[in-house]
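Same chain, two partners: chain A is paired with chain B first, then with chain C.
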Partner chain A sequence: MAKHEIKSPIPGTFFRKPSPDEPPFKERGDKVAKGDTIALVEVMKTFHEIKADVEGTIVSFPVEDGEPVTAGLTIAELD
Partner chain B sequence: MPINVISSGIMTTIQDLGRPGYYHLGIPMGGAMDRLAMRAANLLVGNPEDAAGLESVFVGPELEFTEDATVAVCGAELPPRIDGEEQPTWTALSVKRGQVLSFDFLKAGARAYIAVSGGIDTPPHLGSRATYAIGALGGVDGRAVQPGDSLPLGKASGTARPGTSVPMECRRLPGATAKLRVLPGLYWHRLTEDAQRRFFEDTWKVANEADRMGYRFQGGRPLDFVPREQPFSAGSDPSNITDACYPYGSVQVPSGQEPIVLHRDAVSGGGYFMLGTVISADMDLIGQLQPNTPTQFVKVDMETALAARQERNTLITAIRKAIG
Partner chain C sequence: MPAQRPIKTILIANRGEIACRVNRAAKELGLRVVQVVSEADVDSLAARLADEVKLIGPPAAAKSYLDTDAILTAAKESGADAIHPGYGFLSENADFADAVEAAGLIFVGPSGDTIRLMGDKAAAREQARKVGVPTVPGSDGVIADMDAALELAEAVGFPVMIKAAAGGGGRGIRIAEDAEAFRKLAPQAANEAKSAFGDGGIYVEKVIERARHIEVQVLGDGRDVVHFFDRECSLQRRRQKVWEEAPSAAVDDDTRKRLCDAAVALARSVRYRGAGTVEFLFDDETGAFHFIEMNTRIQVEHPVTEMICGTDLVAGMIRVCAGAPLGVTQADITRQGHAIEVRLNAEDPANGFMPFPGVVSGLKLPEGEGIRFDHMLYEGYAIPPFYDSLLGKLIVWAPDRPAAIKRLQEALVDLEICGLPTTAPLFAALARNADVQANAVHTRWLEPWLEHAADTLTKQGETTT
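On to the complex of A and B.
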């Protein structure tokens, strides 16, 4: 299966964890179902969930936790 | 015949040019954060410049049209699609009954203005349809647009000419580093000379706390204050003052840490000193700043501020002429 990229629809700050003391939503190698939350992007005082739009296995997270992202940037690659 | 809202992005609100005249009662002017883009979009679809349209931040809505109309998207580079086919921004576009207007990922800027021929015809409150959600005024029952809403349209003028574009040289978006011109104000003397210099020297960046009420900036060095005796009724922090009026565009810096520029949905007063005010000509640009955009504040005098305002008026005149 071809690689599928999940993109952030919004600019903001990228987070892989639901809160600082919790484990990440997903790790590399995890299987995800369509609709699973992959990460959060914070903007305008609110956190927006980024969900998987297909099912697959996570290959990589090209963005580090806590880094700024722009709209359309790939935040996870699925296989 | 209304527009049906299928999805509304993160925040899509009905805006026009606002409701000036009630700020002394705590009700801000509101209206489009980027007024130039709102005016341009309205002109393209044959509306009066103060007709109501939509302001979408970062993500566009999905809208189904139940009648033929002309639409235009100005401001942010948020590429519109009609039935999936990409269309240009800053251009009058023909939409047929039953077609769906949607949007691609944001390419530049922050807020797109969507005007529709006839304008959105929700009931005005205090003379404006602009959404002031905090005060539950305007918009759809005082709130932002939601999926399932039907937005009524007024009668189109019939003067729109699909295919017409705003010339490139009349479009405005902030550069990679935004430059915001600031006129030092009443409380400028509260800062040390060193802090006054640093505020303009440092490159700040837009924080995530940035919305219609105000834009916060961070990353510059903290500002120091001249020692003083605490005035009657002022708070104990050196950045506190005896409560005063807050102008649109005023720059407050609570505790000298992170400057906040008040915008169209500003609070009208409070107890923080303001070092100055972003000039009116640069207020539209703030509405187009994404989080993390590097920003430089540039010190100007009143003469420069007034000349910039004049230049801005000339720009609007040029757009009117180009669209005809």
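On to the complex of A and C.
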């Protein structure tokens, strides 16, 4: 199966955790279902959930937690 | 009397449209302007307007615009003698105000102690009561135990608001509809306040179902205080103001005088220095008003007051904080006509107000008599996604309210911000609305209206982008 990329639809700051004190939504190797929340992007003080648009297994997170992202940037790769 | 401390160089510890606004006031006063910027704001309009730009950190506000040490270092390196905090960020942070003064610089705002007193919303309520200013029925100060709190909530009558003492500006508020909800929500609110503000103190206020938000602008020099009349900001979404007017068309002159006198009494009781706003809820049915909180800074909506009073509040606050006396008496301050401000945010009103920063590919600003646009835009500017979505404020003035609404409609037609969605279509729709035209609104009017107005906003959005 080809790798599937999940992209951020908006620019902002990328977060893998629902809040700083909580564990990440997903880890590498986790299976995800369509509609699962993978990460948050904070844009102008509003948090936007990034959801999986297909089912699969997470291969990588190309962006570090807390880093800025641009619209269209890949934030997770699924297998 | 405090000694005059002349300012030659002022550092602006803020960004966006308010940094540009402070810059303009500073230039009028003949001051040199130092602008601090995060890495995301190097190309901002505020940076372009400044005499000197100091980079203070990465985009995240916690590491730049909220970093006291970085700002004080920039002030020292650039030879600034004063710091203007704008609104938001460190503007109501008492420790920051103290640190600025301890570094031998002027903080353009009240003393740290005044910010501390008024920033504790429960203590501010007590102070208001002490000077005879009516407050919203509720608890005396911070609630110590939950059983007593419940008894009090039952006494004032549900629904009640549970508010964080360290909150303000609409943050940290919960509404309990009945005793059962109160038992669940009050401890939650206390925990949340503890983690969000570092202070778990909460207090209780009765919910006034149909209230207007009316506020009074004050300016003090640490000895005397004057007011610049009232504003009405009843059109709110998620407790954030979107449309503001001066004066309120809903209060008569007798009520206006009582509101303004109450605000001055409160500010005078704390020997207020700088520009401040005393906020009230006004009940149309009973004609009663209740103090809610005081904001110890310049506010977003200050231009409507400037338009009706013909004054520069930002220059005024800089002057008094440099030790100059007010220089005006209450009798000197008059008002004329009616002003309206609308907040242009980088949000799509047709899509749940989703914020979307983009590049300003084209810009046409409305011009003419009675039109002012305070903003941070230029053609080609890439709006950074890291801060709030306010792009600018369209302010109109006319001899009366209907004429001001008409002028707003015309100015909105002339305004073009291309490349990104803005809240302009919302204001075009509101200006056409019969309730808005009749000023038959209250703080909970806008949100229900938005639910069935979404379709018209979509159509507007398509024609203007």
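The rule is short, and it goes like this: the second predicted complex is superposed on the first by the 79 of 79 C-alpha atoms of A that agree within 3 Å, B and C clash if a C-alpha of one lies under 4 Å from a C-alpha of the other, contacts with A are read in each partner's own complex, and residues count from 1 in each chain.
Rule of thumb we're sticking to: a residue touches a chain if its C-beta (ideal position, glycine included) is under 8 Å from a C-beta of that chain, and two chains touch if they have at least 3 such contacts.
Remember, it's a predicted structure, so these values are computed and weren't measured experimentally.
K.L.:
Which partner does A:Gly72 contact after superposing on A: first (chain B), second (chain C), both, neither?
P.N.:
It touches chain B, and chain C stays clear.
K.L.:
In the superposed model, does chain B or chain C contact more residues of chain A?
P.N.:
After superposing on chain A, more of chain A is contacted by B.
K.L.:
Applying the document's definition of touch, where does A:Lys7 land relative to chain B and chain C: first, second, both, or neither?
P.N.:
After superposition on chain A, A:Lys7 lies in contact with chain B alone.
K.L.:
Between chain B (first) and chain C (second), which, if any, makes contact with A:Val43: first, second, both or neither?
P.N.:
both
K.L.:
Across the two complexes, find the residues of chain A that touch chain B and also touch chain C.
P.N.:
10-13, 42-46, 48, 68
K.L.:
Chain B touches which residues of chain A in the complex?
P.N.:
Against chain B, the touching part of chain A is residues 7, 9-13, 42-46, 48, 68, 70-72.
K.L.:
Under the definition above, what is the set of chain A residues touching chain C in their complex?
P.N.:
For this pair, the touching residues of chain A are 10-13, 42-46, 48, 66, 68.
K.L.:
Can you list the residues on chain C that touch chain A in the complex?
P.N.:
59-60, 346-347, 354-357, 385-389
K.L.:
Touching residues of chain B toward chain A in the complex: what are they?
P.N.:
For this pair, the touching residues of chain B are 10-11, 57-59, 105-107, 110, 208-211, 290-292.
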